[in-house]
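In the two complexes that follow, subunit A is the common piece, with subunit B as its partner first and subunit C second.
Let's turn to the complex of A and B:
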């Protein structure tokens, strides 16, 4: 168990800069997800932490000591790979035992036939067997110990990979998209199990995924990466409700957040589709901006609204429906979340008007940075103005 | 032949008996050409050779006598055939491990290269592509006792420190260097050397193909698990992953080693080397069956040869199914 500290890490592959100065502090026992679209550098960062890749500059500290120049085998980290990377010729039990054999036994003790005759080898093999059983019991794979990985299902292989990672009590676990090869149902189940495992082991977990749902459901904190940078690192609810940048708001949340174009008037007042909102910016931002509205902040209204359109598509998920509405004057469709009782009123082609809670709206400037300094404009002042 | 019986039976309606018979007949008719060809071209000759091995038949004779197991008894009693077995086994036991090992080593080295891979691959593969008969003539010149390149090169070492540390050198310089192809002590080893030189490039290509299937993440997993040295990673990942390739390579190399013939025929067209020291099975079959027209004994050697190859194939099948088939 140890805390991890990443300072200004950069990485280039030839001309391409994959990581552009990444810094991140992970507390002891914390579960941090690195999430981002493919090619954002999240896997590279994980491999740099592991020691499988070397950074061009910057420093990694594990438990307070720099691991610069230390190879992966000496860093006391465990990794679960996307492909599980189980040794196909070894049984499940032997697979789980590999990290223990490699670390505890000498080269002579590991020899195929003679190894057992070396002094101390028997006792050590017994101790390793005991640890393997303990790990297998924790993951409920004890009955699989004699099988070969080729005879296992995807979910079982995944457990074996986890078992191999946790058998030697490493300083931290690194998981590289461990669930992406599982089917949807198993993924949900394993997600919960990994989160439980983390609570039980109280060890640092660094979890790389492109699936924002996995990140949201399992992590203490999420680091959203894009273009080789960490855009924001915070608790899942903060990332969702209070994103720093438009890219973060767009990446996290399903269906995607609605981004609508805003005009900032000379007095700082915001207007949407030539319709003045009761909101104004305090700083000097003028010109164009963006308004982010989560599908659940939109609601149907009969009153006056700038957002009027026609239902063009709807997805019924049973407990809720997502309705796509083509709004006049907007290039992109607006998504609305509604309860199933609204199904009849939201048939295809229906004209609807949408209203939203101005307090839950997220405003971003032209560069995509969040504008937090806003002031409410009361209707009275607005009319006077 | 049950595999060719029709298995696509309409389960919803249930076939009538006549329909099923008709379909079965059609299946036999459709497979008949392949079956006939297989029997005529592959199985027939083997069976005929098996039958002839119990006779004293000669090509051109209108009849033959049954001689029982006499041909086989000769094989296991006469010293010529003892020499045949010794030469063949020496060749196989030397060439197979060395050319497989060299093939693997070359493949690993080439695989670790970033550049010039293709060049190295082509260079090592050149002897495989060349005609062994033509190559044998080139080797014959190189190994010529007085004007050959090999002995000339060795002579350059005379008078240097090599003479002190290597008794072979000092003897060669004092007396003369070996008559490589005329000396029964060296002849079989020269043949082995040429066999390895010619064959390991093929094994290298097979191993290179095998190496592409080794999952890269396995090396990373091995590193994370604490495999620090290249040897440990080889033991843990590469060697097991190459298991199926190795079984195939060893079998193919064994069969090719049993079949060695053209170098011997090129070097010693009359009689299998000095004192029959390179009298390998293939050459014996050729000499008895073709040159001396003793079809009976030639067939007996052929059957023995087939038995060896069959045995190797069975071992390979057993290994592939039991030991190295992980998935």
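Let's turn to the complex of A and C:
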């Protein structure tokens, strides 16, 4: 068990800069997800932590000591791969035993036939067998120990890969999209199991995924990566409700957040589709900005509203419906989340007006950075202005 | 008849062309010299008793033999005794052609010794080829190092060099090292197989990188990865390579003929066939073809066995 510390790590593959100075501190026992679109450098960062790839600059510390130049094998980390990467010629039990055999046994003791005759080899093999059984029991795969990976289902292989990772009690677990090859139902189930495993082992987990749902449901903290940088690293609810940048707001949340164009007036007052809002910036930002509205912050209204449009598509998920509304003056459709009781009022083609809670609106400047310093403008002052 | 009958026809003609020499070889190994000369007797020959000429020649009665036998043939003249002895010898030397051919194959030349030499040479060549080719192929397929593409280019270039072009320099080098007429001369020139490196590299490219990374995380060094991870996953490719390698060196006549001069203890099976080339005293096609049959049998058996494993190896693939 150990904390991980990543300082200003950069990585180039030829001309392309994959990581542009990434820093991240992970506490002992924490579950941190690295999430981002494909090609954002999250897997590369994980491989650098593992020691499978070497950074061009920057430092990695595990438990306070720098691991620069250390081989992957010497870092005492375990990794679970997307493809499971089980040894196809070994049985499940032998697969799980490999990391223990490589670490505890000498080269002579590992020899195929003579190894068993070496002094101490028998006792060692028994101890390893005991540990393998314990790991298998924890993951409920004891009945599979004699099978070959080729005879297992995807979910079973996933468990074996987890077993191989946890059998030697590493300082931290690195998981590289471990659920991507499972079907949807199994993914949900395994997701919960990995989270439980983390609670039980109380070890540091670093989890790479492109699936924001996995990141949201399992992590203590989420690091959202894009273009080789960590844009924001915070608890899931903070990432969702209080994103630092527009990219983070857009990446996290399904369906996607609605981004509407804003005008910042000379006095700092914000207006949406030529309709002044009760909100103004206090710093010097002028010109264009963006307004982020989660689908659940929108609600139907009968009153005055700048957002008026027609229902063009709706998705019924049973417990809720997502309605896409074409708003006049907006290039993109606005998504509204509504309860199933609204189904009848939201038939295709219906004209609707949308209202939103100004306190839950997220304002971003033209560069995509969040504008947190806003002041409320009362209607009276607005009219005076 | 399906519409594809012409495909079968072409295949059947191809099979006949390939099988014909084997048919002749096996058939000749059954027949008597007379039947071979006259081209009669079908596949098995008549298997009529024949007289082994050398056996009779060895027992041609001399003056002492006739004197010694005179007690058995009381009252007969020397000429009569001599004829009787010759008749006895011919009766004793009468033998079925198939038995004659195969006993000749094993007695005229130390065929078992030749077969043993063949096993020693081909097995050594294959083992050392694997020991060299597997790490080389792994490095070329999975490791990133400066000049890798250039090295692989050289491997491809070496594939283009025919053996016969460099045979003479190789022979001179071995001769200067004093290695001619040794097992080393038969084995060493073949230990680095660029074909093996190329074949295994192509196979290793299909092994997922994750598997190698997992092995590294599990604490394996690069050599451990080659022998403990890559080798077991590469069994089907190794079997394919083994077929090429073993067949080529078991059947090789050219190279052993060059580096083994005189020492019959080092003869490989194909060199053994030379024992039956007809020198003046008639042809020995029967025993020669029997020898040839004995030589190819292990290869055919090994191929049939390997072919089965080969298909199993491809279908029982746990990488998916």
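The rule is short, and it goes like this: the second predicted complex is superposed on the first by the 385 of 385 C-alpha atoms of A that agree within 3 Å, B and C clash if a C-alpha of one lies under 4 Å from a C-alpha of the other, contacts with A are read in each partner's own complex, and residues count from 1 in each chain.
By our rule, a residue touches a chain if its C-beta (ideal position, glycine included) is under 8 Å from a C-beta of that chain, and two chains touch if they have at least 3 such contacts.
In this text, all values refer to a predicted model and were calculated from it rather than measured experimentally.
K.L.:
Kindly say whether there is room for both subunit B and subunit C on subunit A in the superposition, answering fit or clash.
P.N.:
With subunit A aligned, subunit B runs into subunit C, so clash.
K.L.:
Between subunit B (first) and subunit C (second), which does A:79 come into contact with in this model arrangement: first, second, both, or neither?
P.N.:
After superposing on A, A:79 lies in contact with both subunit B and subunit C.
K.L.:
Figure out whether A:87 sits in contact with subunit B (first) or subunit C (second), or with both, or with neither.
P.N.:
After superposition on chain A, A:87 lies in contact with both partners, subunit B and subunit C.
K.L.:
Who does A:50 touch here: subunit B (first), subunit C (second), both, or neither?
P.N.:
In the superposition, A:50 contacts both subunit B and subunit C.
K.L.:
Just to be sure I read the superposition right, which of the two partners does A:98 touch: subunit B = first, subunit C = second, or both, or neither?
P.N.:
So A:98 meets both subunit B and subunit C here.
K.L.:
Could you list which residues of subunit A make contact with subunit B in one structure and with subunit C in the other?
P.N.:
In subunit A, residues 47, 50-52, 71-73, 77-79, 81-83, 85-90, 98-99, 102-103, 148-150, 164 are touched by subunit B and also by subunit C.
K.L.:
For the complex, which residues does subunit A have touching subunit C?
P.N.:
Contacts found on subunit A: 47, 50-52, 71-73, 77-79, 81-90, 98-99, 102-103, 148-150, 164.
K.L.:
Touching subunit B in the complex: which residues of subunit A?
P.N.:
The touching residues are 47, 50-52, 71-74, 77-79, 81-83, 85-90, 98-99, 102-103, 107, 148-150, 164.
K.L.:
Can you tell me which positions in subunit B touch subunit A when the two form their complex?
P.N.:
Checking each residue of subunit B against subunit A gives 215, 217-218, 220-228, 232, 236-237, 240-241, 243, 324, 326-327.
K.L.:
Which residues of subunit C touch subunit A in their complex?
P.N.:
Residue positions touching the partner: 208, 210-211, 213-221, 224, 229, 232-233, 316-320.
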